[in-house]
């Protein structure tokens, strides 16, 4: 019978090419490989940074030099050779750009391939986009509309120049340079990223979005994002990531810091689709990211992530629920295929009274991949009436992959209520036959079932992203149709 | 000299005293074990498996490793700790030394005797060679330490097709003959095909002196055999226990280990199940009721290696005052173990602010056609139920105690020996201050 | 329309169907009855293409073309519909989304464009009213947490949406109370036309009071041992199956 079996699907999955794996031929200004104090200083100089910034970087570099790369995560990979990476690569631009019309046409083509035609976006949807290629922010749209409300949304390199008081006040307060190996590295060498400040009481009228792309070979990308929501403000922030297919592994070590002051709310969504490596597990991005947010009184931070890319992912978007009545949320769907490895989850640190957190984590493993959830729920002795609900569900496709759950629950207050649940399942033969009988082929049926499985997370994404994320899930699992 | 050095340097003296044939396998095993221990040392909090339990303060004591035995202990001193209401075989150890006077052993249908004789008599050589130290985890410094100093403990060897007619009670007493004593009992249980045995184990300090017990038990459960193993941990406040129990199961066998932790200063239970065949059932039940500064750490592992097996794990904890509970349950389902059903549940109640629970329920799944779940809750008593009871005139404290008792009850319900069940119920009631009023 | 010729099928070397012959024409309703284990559900599974069962001999033809080499979804595209005895739950996938996918896949297979959303909604409204379905079920996860009756009603709703050529109702009456049974039967009757056919598989004749068959066949040990008109069902009800053995 010519029925599309799970074996066929597996084969297709293996041969599925990475859809975003193209390389843009743009002239790049790239540093020689290697990392030293001189390189750190050079990066800082290149960016024309003030002294305090250079000092900050150098301190971070010093800390990093004394740190060891962590190995507690449930992932195996060849450790990056930190002296073989170029720590700065920027598309060469003749002058500072004033409008999109002046952007390198090659670059614009890249955006189109990425599915972000900036023009289209500008006209049709209500999204302001900042794009970081390799290490440098190349375009920020919608500046004018945002300016009118006092919202600052610009590359962090510019923010260091134009709003040093804000950057100085908050940078490194949530993720200190000493936090971990990759955060220290990032602090020393980050070259760009996005900066966002929402003034008191302002509701940001549109989604803010950053697209990250690693283009040049042999480079690392170390972007730094800082989002500050002042008292009573609201912002929804989106982040998308892609990289071209390359044989060697490339390092991406970003740091994201969120600060939600009293009564503020930050919704931070990520669709991560870094190149996952080919079907033999060659190449792909090492995605070692530190993301953390701080909630003051009555504030709320919500992380939503759709992770389909990267060869190795190491990522735990976290919330420090410092203020009373603050709320932390984490919604994640992580899909791994072929030889991908993901160790991802969240930390919810309850410090204030009546703090609440919700964790919904969905993992889909296929091929020979390993997918781990690692999470921490911590209730401090002072945090009265803290609540947490966690749910971790795994879906396995085939018997070559693994799904793992490592939740840590540490409770030191007797008024806390914590519930954690985890389940593991597969797509049932009976479910597939039922779909087949209604005329839905196996490939489509799997996509449908995986989408159903991920629904609670997909529902949390802003509309513009939900559709893209859904497609991404299908692509990573389904193979091309026909 | 710190404890590690003391132990390592005492090893030679110990081996010489033991009067063992230095050419025997056991000697080689010991030698390797002490070397491993010397390399690894005691685990520290940096070790992921020990992040919530700190041994350091405990290791500061100047333990005597070969205590003098107190001969004066008689039946009247120990009878309260026996389950008297049932006929049973008993193995009584006083300060690490077997008391034949107080014990009731057998060699009739099966061997219920001591490991010291099994290790030395040619008759048991094959059993020892086949089983001894084969599943006690290698490179685990604490079980290595026990292996190196293995001298005494229970030896239970049940041939096939034998229903052991009465339960076996293993009791380890320390008498306080030394100010600070470290004991290392070692048990070996081999249960043949189609056989059935029930075992109750208890460690008890009869004095106020300090005791650290580092106990290791290996249990082998053959085809279709059934083993029920009950651990009563209700020791005094100066007693600490590190218990490592390893269970290896063959096809269609059922093994259950029940752990009741009410007493002691620090208790660490390492409980590991290895399934070596199809259609195996493993049951792990536990309840901890702690107060003051007590610390209980339940570390469990179920390793599913073959298809069509099950595991059921239920641990409950009630923590008062400044006590700390740890639950670290790991379930591994290997690639070949399709159609596995693995369930794990951990429910906790913190009574007082100051009490802590650290839970880490882990699943590691490498097979797709499996049903695995874990649940973990931390919470309080049902306020509505409490109010309801109060409105019926039951004083609040009593109502709380009754609700807590009910919370723990489904673990107690799994006890298959009625007399033991009522004893455990009483212990729970005592610990919670519930007046049962009548026999349940 | 449907021709079953000397059909032998089984599972794991165990024979269940031992030579079934049956001819169904457009516009007809056939009832297949028989005791437990007679092979009723196997027959419906084999027609729908469930690969759990292996066909060892014989053929099944739809409009003179063999179905046996076709995947279940291809059979569905050609108009075979099976109302499951135990409808499957698919968490997170709403009934609406599911039926939308099913309809558009069928249209795609037949060279048609996707049905515009507006028409889809209209169709859904129309058919759900026919089955007196509470609209809220449509936005719930498919069959998840549905009662037995709700699941069966949902099956017939899908049948109404897909407008199959040949509908096989496998024990659709089980788990239904009398009111639900009437609604379901009423739905089926309204869908009957001269161009389609219905096969009702049932243990009891209860459902046949409401969906009146043109032919009744009795299945026993994987063979049709007796065929007749609707009065045969009543006879079976009275006498049981033993007299046929």
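So that you can tell them apart, the chains are marked A, B and C in the order they are listed, and the count of residues begins at 1 in each.
One rule holds in what follows: a contact is a pair of C-beta atoms (placed from the backbone, for glycine too) under 8 Å apart; a residue touches a chain by one contact, two chains touch by 3 or more.
Keep in mind that what you see is a predicted model, and the values were worked out from it rather than measured.
When every chain is represented by the mean of its C-alpha atoms, the one lying closest to the mean of all protein C-alpha atoms is A. Per-pair counts of C-beta contacts peak for the chains A-B.
Inter-chain centre distance (subunit A to subunit C, centres taken as mean C-alpha positions): 48 Å. Between the Cα centres of subunit B and subunit C there is a gap of 57 Å. Between subunit A and subunit B the centroid-to-centroid distance comes to 45 Å (mean Cα coordinates, whole Å).
Here subunit B touches subunit A in the complex through residues 48, 335, 338, 348, 350-380, going by the rule given at the top.
Against subunit A, in their complex, subunit C makes its touches with residues 48-52, 69-73, 75-77, 80-82, 84, 87-93, 97-99, 101-102, 105-106, 109, 141-142, 158, 162. Taken together, the subunit A residues at the contact with subunit B in this complex read 72, 381, 394, 396-426. Within the complex formed with subunit C, the subunit A residues making contact are 1-4, 428-431, 433-442, 444, 448-449, 451-456.
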